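For reference, chains read A, B, C, D, E and F in written order, and residue numbers begin at 1 within each chain.
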């Protein structure tokens, strides 16, 4: 049975391992051939900005994996329009191709999926 | 009757969340639904720490898990989340060490996935 | 349109960053559990229908249901989730 | 050396053990004869409301200890005015005697203490 | 009046519940570390003076200091705290 | 020269906070200040879990603590917080099990208390 899974992130980039755990969750569903979408909302949109170099803090750079998600068939990336405004970000400042969604469109996104997980 | 899967995301200090999850599970069993498994992810893997010591007037966290296990519910924990947090994956008591892939495959087979954070 | 149960366990203010009324569909349900019960007034002012609160959680906090808030026991809680298409634990 | 310690709580009542850990911190400084004040701000003011019975959830009722703080010489309890407004609470609804402080007065409170800990 | 260093490690919105500009004394300092650096614009709009940001934290996030924000290295960070009377990690 | 005391409040999954604290400690030592102790409270007691396993390209959390310990800094953890979270208080590696009272008495003797959350 093919399922449509939506992962929603809202944590700041270095808030524990939360973005990392969202990434693992998205990748694992893709690996078992499910349709995965990932919505970045709140401070999690900051994880998509260019120029992040966690290695300078001695921390593993898992952010670079975000740029290669397409290879793993996680090609539905979405960002919350409101969150971009909150942090004054334009799509040019993001390191990935992601669709910008209003809350109204996020409602439709939720509607289309079988399971939604917030991490 | 529905097939349900539960994921728990909070550590053993969150007594209220644990009790809330437990009440949901007990009510679901009473309604003859099936609980495919309870999966511990993020800080919830810390429930597998085997030395929880609480005074007798506190919620006895480990006996809740023992009861759930004795009711035949599969209790699984995410190995990666556990290793990152220093859990001894050789000594996890009633919990079975599992990969995220195993959990994800079970999610695909159930009707509802309910998260407790 | 599918039916989603939106689950809250903390006061509404905890979600101001990522949550908005526009996310709730016409037939969606809102479920207040744990510490979200304390903030039922604000939840009721924001979502004026399909608002449910767990009886056990609210009694333990000394809270009686406000107008528009339906109190449910544990069995009805399971029914609510099983009868819907999916849930989101915000 | 006598120190003035200010404990600031902001967690919801059943958010992990955070109120409990604040309580332990306040009590321990009182036990070693330091001057302790405790400020409840944000959702933590809800921990002071009457009628909480955690035992009905199988959880230890440490909230009742809040009412006996005076015995342990933690007699300086403060609540944030803004937080009371946020949750539509009056002092009659609180289970303890606490002084209501505007943010301006909280600034003075911080000013008077040697160490401030947020839990 | 004593000098307090107010330490933030997350975007300002995380503190909306318990924090207010009126808590900051005239001579107090604001220190942005970790993920608070991402939100320097909003911090700078709220606190228009005595605003410091850790260089190492901001570089790792690809952030250059905005107007009004003073970048400090680790040694100056220690000096800032030692020269003040106390700190609050919000 | 000042006497400083540090309390850490976040678990071993918070690599950024740990590194931030470590940088502060190293800079303070360089400036010849004294670190009275680093006290683990709340979720930070989980750093004493003795089985943290991370792949080689990850921040090696335990080597940071070993280095701090070898620099002569007292590393203490709150026994109550540890017992609630299932830490084996008989096996805490470089950390010394302490009561909250011991920490509070040290706080009274220092110039500055800096929290890392």
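Following the convention adopted for this analysis, a contact is a pair of C-beta atoms (placed from the backbone, for glycine too) under 8 Å apart; a residue touches a chain by one contact, two chains touch by 3 or more.
As the structure is a prediction and not an experimental result, all values here were calculated from the model.
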Contact distance in steps, from subunit C to subunit D: 1
Count of contact steps on the shortest path from subunit A to subunit B: 1
Comparison of B-D and B-C by number of C-beta pairs in contact, larger one: B-C
Same vs different contact residues, subunit B with subunit F, by half of numbers used: same
Centre distance in Å when subunit E and subunit F are each reduced to the mean of their C-alpha atoms: 23
Whole-Å gap separating subunit B and subunit F, where each centre is the average of the chain's CA atoms: 29
Chain centre separation in whole Å, for subunit F relative to subunit A (CA means): 32
Residue list for subunit C, restricted to those that touch at least two other chains: 13-14, 17, 34-35, 56-57, 86-87, 89
Per-residue overlap in subunit F, given as positions that touch at least 2 other chains: 11, 13, 16, 42, 84, 113, 115, 117
Contacts with two or more other chains, residues of subunit D listed in rising order: 14-15, 17, 42-43, 54, 57, 86, 115, 118
Interchain contacts, given as pairs of chains that touch: A-B, A-C, A-E, A-F, B-C, B-D, B-F, C-D, C-E, D-E, D-F, E-F
Subunit B-touching residues of subunit D, taken from the complex the two chains share: 14-17, 54, 57-60
Contact footprint of subunit B on subunit F as seen in their complex: 11-13, 42-43, 46-54, 83-89
Complex contacts: residues of subunit E adjacent to subunit D: 1-2, 4, 17-18, 20-25, 85-90
Touch list for subunit B against partner subunit D, complex: 10-11, 13-16, 19, 57-59
Complex contacts: residues of subunit A adjacent to subunit E: 12-15, 42-43, 46, 49-54, 56-57, 59, 86-88
